[in-house]
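Next come two complexes, and both contain chain A; in the first it sits with chain B, in the second with chain C.
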Partner chain A sequence: MLTSPLPSSGARRYRSLVPIAAGTTFLAAVVIAFANAYWISTFSSVVALALACSGIAVLYGQLGLVSLCQYALLGVGGWVALRVSHGLHASFEICLLAGGLVAAMIGVLWGLPAFRLRGLYLAVVTLMLAGTFQVVISASGFPDGGPGFFGRADAAQRQLMARPRIAEGDRAYLAYAFAVLLLGLILVELHRRSVPGRAWALIRRSETGALAAGVNIAFYKAWAFALSGFLAGIGGGLLAGAVGQLDGRAFTAADSILVFALTVVGGAYDWFGPIIAGLLLRAVPSLLTDFAVNGYIALVIFGVALLHALVTAPVGIAGQLSAVAARFSARLGRAGRRA
Partner chain B sequence: METFLPFLASGTGIGAVYALSGVGLVVLYRTTGVLNLAYGALGALAAFVAWTMIEAGQPAPLAISAGIVATAAGSLVYGGLIAPRLAYRDRVVRAVGTLGFALILLGAIGWYWGEAPRRLLLATDKLYLELWSVRLTYTRILALITALVMVAGVALLLRRSRLGLSMRALADDRNVSAVVGIKVGTIEMVAWLISGVFAGICGIFLGDLVRLEAHLLTFLVVPAISAAIAGRLSGLTETAVAGVLIGVGEALLTPIQAIAPYRTAVPFVVALAAVALLPTHRSVESD
Partner chain C sequence: MIRMTGLTVQFGGVRPLDDLSAELAEPIVGLIGPNGAGKTTLLNVISGFVMPTAGKLEVDGRSYLALAPTKRVRLGLRRMFQTEQVVEDLTIFDNIVAIIDHVGSDDPVAEVGRAVAYLEIASLDRYGAELNLFERRLVELARTIVGRPKLIVMDEPAAGLTESETATFRHHLLGIPATFGAQVLLVDHDVDLIASTCSETLVLDFGRRLAVGPTRAVLADETVRRAYLGALS
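Showing the complex of A and B:
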């Protein structure tokens, strides 16, 4: 079944946090130790996008909802983080949180149609919202230290967003970003292992059944949208901090579609699926550039991968890797017993 | 009023194409249950094929026909090979599948034709009528006439012919249609073919009237979806009217300085409003 197993009771319930912490830390250590400056900056965006993808994974993996505006929500988070940073000179964490919270609120607002209309219409509505955001943000731009609320600075006076004091350098900032990603992944896992996760699983199975079991459907759906928006918003803040400023023209509806597509390809049911999605979104195009392959080839590959994932591998790359690992450990277990 | 008239004229031409593409989407959705998000990318394929052949010195009618054939073939390939594999999944998953197709088309077009700005030029661009001191190129008039003829034609086909009856039966209930002996697969392929031809014609018009750019043309599926949603994904007339209104609305905002940069948001706003006004109907919920 595609729905996550119902959480077991007691402390064992949280055992799944161990591989998440270990895996993320290991990846972070390897990248920070070995990557050159180019890949350090690429990975900063990978991490930011992985957070946004983990939000999609909550909606699609837990509730089967298709949201095509996640990159726009990332933009909302980035906008708020930049605004707070330039306007109040608040600490980086405050900027991140503000971005996350506002994106969470917008996420719930944009998810409102899901309470009334499901499925296809939600996908269409979120696509329209991503398109509207694209039009608005490319006309108005992101805060860059210019005067006033919507003020734009001249090219020479554009300011970069202040990074956290403990992570001014690129390498340190990447470590910081990985730490935030880990917190985000833990937050998602805790949700999946406790009351909201059970409620989502019930809603996914049957809304009527969930209603009969006393689940407040609207509340838990809103919660999922809020969590998804929060993660995208935090990702947006991280991206703004990594680059220093954001380009309004870079937040297109096509990006939102790609973020969704590659989350499905990466795997929406395993904790590391969003990280694979982030790698596909940012690291694979960088790799192709390294090998001087036309960037459009990546689009073709992503399209084929999405169709492949939908038709034959609904669990995505992460799900397939998990299955291989499970088979391997089962074989090891049998061999151990025999010895 | 004087300032708005030229924009009204240009908006009507584009609106007619939006109407045409909206109707193409609805015909496919009603019959197969697939909301084809690759519709714009398919149209782009037709425009690029036609452009290449015209550049190579071929006569325009041949080039246009080749473009439409290419698009119809693309539509049939997806409808025949991929769509049946998703036939029993949620409608939203089937729509997401067409996103994959759109990415493939977009990537292939970008890879083969590159990003150089182009325009598809047709002989009809240079001829024009003057109505109330507003120039109306033959291309726009042609777009209007084509839209009227094709929408009326498809409406007649659905209402009067045996094929249309089968298509409407499929829209009502796939399984029951199969039981009473309707060849579900064949009828669906016909729907993919019709919608592919519509997409091709729309793509060529938009490549001429707007710009020949893959990304832009791919996302011109949005006004078409907006029109289709306004027609609740089933009404042909409502869809066509909404398409024209979106085109006109977008164009009329051009001379208003304060709103002009935001005018491309018109189709989004129309679709959002249409969804907000949509009644909570069983058929809407059952997806």
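Showing the complex of A and C:
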């Protein structure tokens, strides 16, 4: 006998957005209200990186795919956003979208091996692509207002990327970045709760089973790579806007590995895992610097944290926090019923 | 109706299906045979996971071999695997509607409602991880009967179930052709289940057709008993 009403997929989809909106808004409000200039700047990077990490969470958490070129895609998004800003003087939103869309296209191209490869082989191929980006960007550099498509300006003429008119100050820009992050997280959640999310879940469970369910595996994998690349590209544009210009030497293949590792540590299965990953990537080194400890010590901490996550907590910090919250909520419910 | 003509599959020196021909028209058809007889290979050919070396395969008069697996699903082919395929981090509702996503429906929620009402599945917001084996099998069965199925192939769907669970499963299985308009091709080693649900049975041995016909007659056939059932007595 059917004892529960059929769930309305629309209602469930929108209900799951409430904690995302509330949590992100609360974090943004606290940081913007209380952080000093140094931490405002740090959090602008945290938000940009959280977007890139949410893209990894799509690939790893939803499909079980290990892609090690996310930091390179962040760089692609930053490159395109800077180019469009300096070359066309387009609005900041257009620059962001252009960065996101180009990174999405490149993400799909770089994800093509995933249609045949999984696991270590896919990881190696994507890492090689990240290495290729490192070489190309080191040789050509990021656009900085110089003439032509690849032209470089000398120090005196270098230009900063124009920020959005409503967010020219650092604090306002951070609020703007948080709003973009919220939109990105909502985009991912809507995917998770609808047709592509269910298709990704079937593929992760078993590709043969997914095929028998009518899932076009190549199409949905390409979709995931496009979404992941889009989020990284938007993150790259935000990072370019936060700093004003980007340094080609900062986008190494090793950083792509670090971003992936910390997404696993932060949690690839919960919406706030990528935010924790962004905090680990930028806030922890800054915190160590605050306490006069060399920020590179963070790498040792991250290594231990990754080991811990892989051995005892594959759901990451976010997954563990969610489990604690669920237990607490169940206990409260039982206490309420007893009362 | 399933019509196969000279169906042959060759993997190197192994021939899991060897010049197999049969017409299977009954609402629930059994497919039995000893281990390695080619039963799962035949299901894989029907699903489109294995391309035969030679032969023809038609379902409801339509040639299947040129069709991609996803196209066959859109035409109404469904499959239940030997190992359960429920996604643990999706709810029961999402596990079922995930099939409709790819075959289309005017009213997916109503389709899921019809399937779960038929199978008496409760609490659709429970996650796959919370379900026991029997509940998982029911969810999988629900996945096969949504989206206007035409042919459901099942590979040992009752494996691991208790006697009472198998009886409930049998009850649901028997009603599928009349309620949902689909033909069922059932592979199982449980001869009682085959005998009580299938009006027609095909027996394979070494990839070849050993017998086909009314289940009662096939199970009483001396050749079949020697090759397959005899080992059980």
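One rule holds in what follows: the second predicted complex is superposed on the first by the 329 of 339 C-alpha atoms of A that agree within 3 Å, B and C clash if a C-alpha of one lies under 4 Å from a C-alpha of the other, contacts with A are read in each partner's own complex, and residues count from 1 in each chain.
Throughout what follows, contacts are C-beta pairs under 8 Å (C-beta built on N, C-alpha and C of every residue); 3 or more make two chains touch, one makes a residue touch a chain.
The model shown is predicted, which means the values in this text are computed figures rather than measured ones.
**Q** So, does A:116 touch the first partner chain B, the second partner chain C, both, or neither?
**A** Touch status of A:116: first partner only.
**Q** Touching A:88 in the superposition: chain B (first), chain C (second), both, neither?
**A** The answer is neither, since A:88 touches no partner chain.
**Q** Report for A:195: first if it touches chain B alone, second if chain C alone, otherwise both or neither.
**A** After superposing on A, A:195 lies in contact with chain C but is clear of chain B.
**Q** Considering only the touch criterion stated at the top, classify A:332 as touching first (chain B), second (chain C), both, or neither.
**A** In the superposition, A:332 contacts neither chain B nor chain C.
**Q** In the three-chain superposition, say which chain, chain B or chain C, touches more residues of chain A.
**A** Comparing chain B with chain C, the partner touching more chain A residues is B.
**Q** Looking at the overlay, does A:216 come into contact with chain B only (first), chain C only (second), both, or neither?
**A** A:216 contacts chain C only, not chain B.
**Q** Touching chain B in one complex and chain C in the other: list those residues of chain A.
**A** Shared contact residues on chain A (touching chain B in one complex, chain C in the other): none at all.
**Q** Can you list the residues on chain A that touch chain C in the complex?
**A** Residue list for chain A touching chain C: 1-4, 6-9, 195, 198-199, 201-202, 204-206, 208-209, 211-216, 269.
**Q** Show which residues of chain A lie in contact with chain B when the two form their complex.
**A** Interface residues on chain A, with respect to chain B: 64, 66, 113, 116-125, 127-129, 131-132, 135-136, 139, 253-254, 257-258, 260-261, 264, 294-307, 310-311.
**Q** Name, in rising order, each residue of chain C that touches chain A in their complex.
**A** That would be residues 47-49, 69-70, 73-74, 78-79, 81, 85-91, 93-94, 97-99, 101-103, 108-109, 112-113, 116-117, 120-125, 143 of chain C.
**Q** Please output the residues of chain B touching chain A within their complex, sorted ascending.
**A** The touching residues are 35, 82, 85-86, 89-93, 95-97, 99-111, 215, 218-219, 222, 225-226, 229, 261-262, 264-265, 267-269, 271-272, 275-276, 278, 280, 284-285, 287.
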